[in-house]
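Comments concern the structure below.
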């Protein structure tokens, strides 16, 4: 098929490359000339504006958005709107909030334009191993895009599927990421406990390797974790600072809205907030309270 | 009554003073001459050894232990054993683990000695306001000690009681402290949220004052918290470092042994551990994992 | 002062009564004639429509809303808008979301109308003991309402205050309720642990009574909890089903938005969701997973 | 090699079979004649007593214990002690607490007997796929057992290793299971959220299948979970009741002892307790408290 890729960052560039390798004709747009140049070497044609990109594609057009969620996605969706023609389809492959996706799809539908959401997992490994894609959208529209998903996925019928109406793809990806937070935290806590048992002098990398084969906790995340432990067993030089990029927050919010208790996913998010709250007012006040009722010494802040 | 106070630290000295004020004849022992001197001014006689203390008391003797839990309590209990006579009673007013208390009481019972545990709450305010005491022990033995408890408590029949057999006093105090962890954490989190809402410019001390009258969350801990916020609204100079002294751990362990889910008390303990884990291996590994699968940047440790 | 009370439910009726007792001239509106009749006996005049209520009040009018948060508050606020005149003020004393309050206040400001939020705590006890009120709004507008707050509060200058601009009162009350969830949960878990230690045969009501005097955990909530334990020590006939009314959810959401870790308040909310999730899909799936990997028996649902 | 298998339950029988398939000469003991008969068909000789088993093995003997942790392991270890001779080695392949293992190993060492712990993961799938084994013990003793581990593991040098001194194998397996609790809970919560989003009508089995290929959350546990969702998408007939078998409790206890915050693993354990606490006293008391302060209705227990 022929397809326009909007956004040639880490993810977009890899996806464009995988599509080109799979025989699709891909034209990519990114405001950065360097980004366009980088994919040119991988067989992806470049367009230096959204307008040029749209013009370069045959109708009905297919555009894949791989841009940051939020304002930039809104800006892009709005900028594309007047450029597109009835029957064209936009796929949002980023990590948009599913409610935003539903709003944007409704707007596009008013103009006879297709809008599909693909929750996309796989990170930087997707280029080689294929992406897992949870797709939301009108069944017919998604079916027409099958060749694209079949190429991006690990196998033509593996690792992707239409899960429901538009929005449901991003919803499913959001929950996927919530689970991911929980899995990561479980491994990290476990290895931390092992590492603190100094009397046993455990080799965390070795233990990760053992678990990779035959154990109940074997997983792709364990493979990567073991790899990280092999490179840097003491996590030397790495700050205890964990970023979160939104999907965890949305999952927690959604769970509460649905009255579903999700203590582990929620706590995993809170731990990330905690990792960045190095001057915790909560803890300072707790220390002050102990002093108030029990006369317990307060530890002073180092100057 | 006449009573020996073993341990004249912050708590023991105050209790000896309150008992002396209440008309009891109190002799105190502490290895520190300064500590003995300090209570002498409050009408508490001094003994410079356990032996001297025991000799100074009329039979049947009553001794109140106010020493740190664990090894020091064991050492004291063992040292007293050969010095005491049938019918004497020892009251452990400290924060001993209830299982240790049951073990010590069994040993004392073999020698015809009484052993009573008093879980004691009230902190440095107890001198003025009276102590809350949860007492465990043989009903007759406890009844004989009524004048002591009646003086130490806020009122003769208020704030103290025999809750069950020996060990049950310390058990109840242990759970009391578990609850205390949860209450403290709830207030501290709440004030932290208020303080972070910068657009409202809230005055935390004022809000504490408002809540002290008529609100559902009014409490003695809130009084103290408000006081602390008045003195130091920004918690300036206080390290976010919260000590725990054992009872919280035991409560968590006991809850699990009893199959009682206690998520809040447990999380409150974990938060204290967290406050001291400033170089969290867990968080470092999480950051490394994000880098492995998504190529996300790792924040470096400052040198 | 003269004031109109909109909503004569449990809270509104009590507040109207306390105001009337305090010498204010109160006219109340409620769609239920019974509710109007009930307050008539307490010296509160009745109006059978919002229109009649507004007409009964001298300009500049003061109206206190005590109606359920959400749609009903919106409906009331919108219905009042055309009835009011420049300089009139509406106080929302209910548990509105502070963002809704800010939106409504902006609308009222466009029409030259005052809008004040009073986060109100005290429950059914407020009639007798006074209400704790966290007030948000324009300083001058709030000052003009001082006689009303002074009467409703436990004391003229106690238990109430202007905490910041409009919205900040409901924000503060929201966090207050988040704290309340945590406090309640801490007590409930503690008493549950005590009750499960069957070998000690503890009397939970007695222990509550002991703690009420001199202990670190003494509080108004403990007073009430002890009272409840006195009436029904085994909680016989009470379903393990805990309602939440919104503020807890908002507090959790706000904490996450502000990047403040609030594990205890959050877990307390989740426990309430959990109490109502008696057919937990999560737990069923966990049981199925154990069967999958370990062949462990699955407990069947009773028919 | 030649080896005696003590315990021919689900795990022991499978391990004996895998060893026999691998060319080892295995004699098995189990008090149940049926269990002995079942393995006979798989090439495993039977012994009808521990004494007969020991006599059937050539010195230096190697015995693998696959019996329930706790009392039965203690009984077996004690019963074997007088039957064994210097140089013999016992491997405990069960889920013993590592502290028990260290105690037993010390006892065996006094008699010149080897004692090795193998934390064994793989469940009922180990027969086919091999077991993951974390081995603790004296390096030379473990090395001598290499042929056994090489056969039981997924590959001769894969999925097993000596991680440290005796006890460290069971310690590592304990933490492994703690992680397992967290992973399971994360998946279960995520699928529960998906299932509650009724408007999207999501097919949980399909989503599991999608995630199995290319996604960040792919794992062996996800394979099994997806399988379970395929067989019974609504978890029909399964009680929301989750058993825990000890290692989770020990992990939580160990984390606290080591001052390592492990909120997720801990919460996962608590959720299992919660699943079985259907008559939660905590929740009943919370409901009673709400009634006390707010007059909120209490939901009654169905008769």
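Observations, loosely collected:
Lettered A, B, C and D in written order, each chain numbered from 1.
By our rule, a residue touches a chain if its C-beta (ideal position, glycine included) is under 8 Å from a C-beta of that chain, and two chains touch if they have at least 3 such contacts.
What you are looking at is a predicted structure, and each value in this text was computed from that prediction instead of being measured.
The chains in contact with chain C as well as with chain D are A, B. Look at the CA centroids: the one farthest from the centroid of chain B belongs to A. With centres taken as mean Cα positions, chain C sits 33 Å from chain B.
Separation between the centroids of chain A and chain C, computed from CA atoms only, is 39 Å.
Inter-chain spacing, taken between the CA centroids of chain A and chain B, is 48 Å.
Taken residue by residue, chain B touches two or more other chains at 123, 185, 187, 189, 192, 196, 216, 221, 259-263, 267, 270-271, 274, 280, 282, 293, whereas all remaining positions touch fewer. By the touch criterion given at the top, residues 216, 249, 252-253, 256, 259-263, 266-267, 269-271, 273-274, 276-277, 280, 282, 293 of chain A touch chain C in their complex.
Residue ranges of chain C in contact with chain D, taken from their complex: 10, 123-125, 184-185, 187-189, 191-192, 195-196, 221, 224-225, 227-229, 232, 235-243, 263, 267, 271-272, 274-275, 278-296, 298-302. Against chain C, the residues of chain B that register as touching in their complex are 121-123, 126, 129-134, 136, 153-155, 158-161, 163-165, 167-168, 171-172, 175-176, 178-183, 185-187, 189-190, 192-194, 196-197, 200-203, 206-207, 209-222, 251, 254-255, 258-265, 267-268, 270-271.
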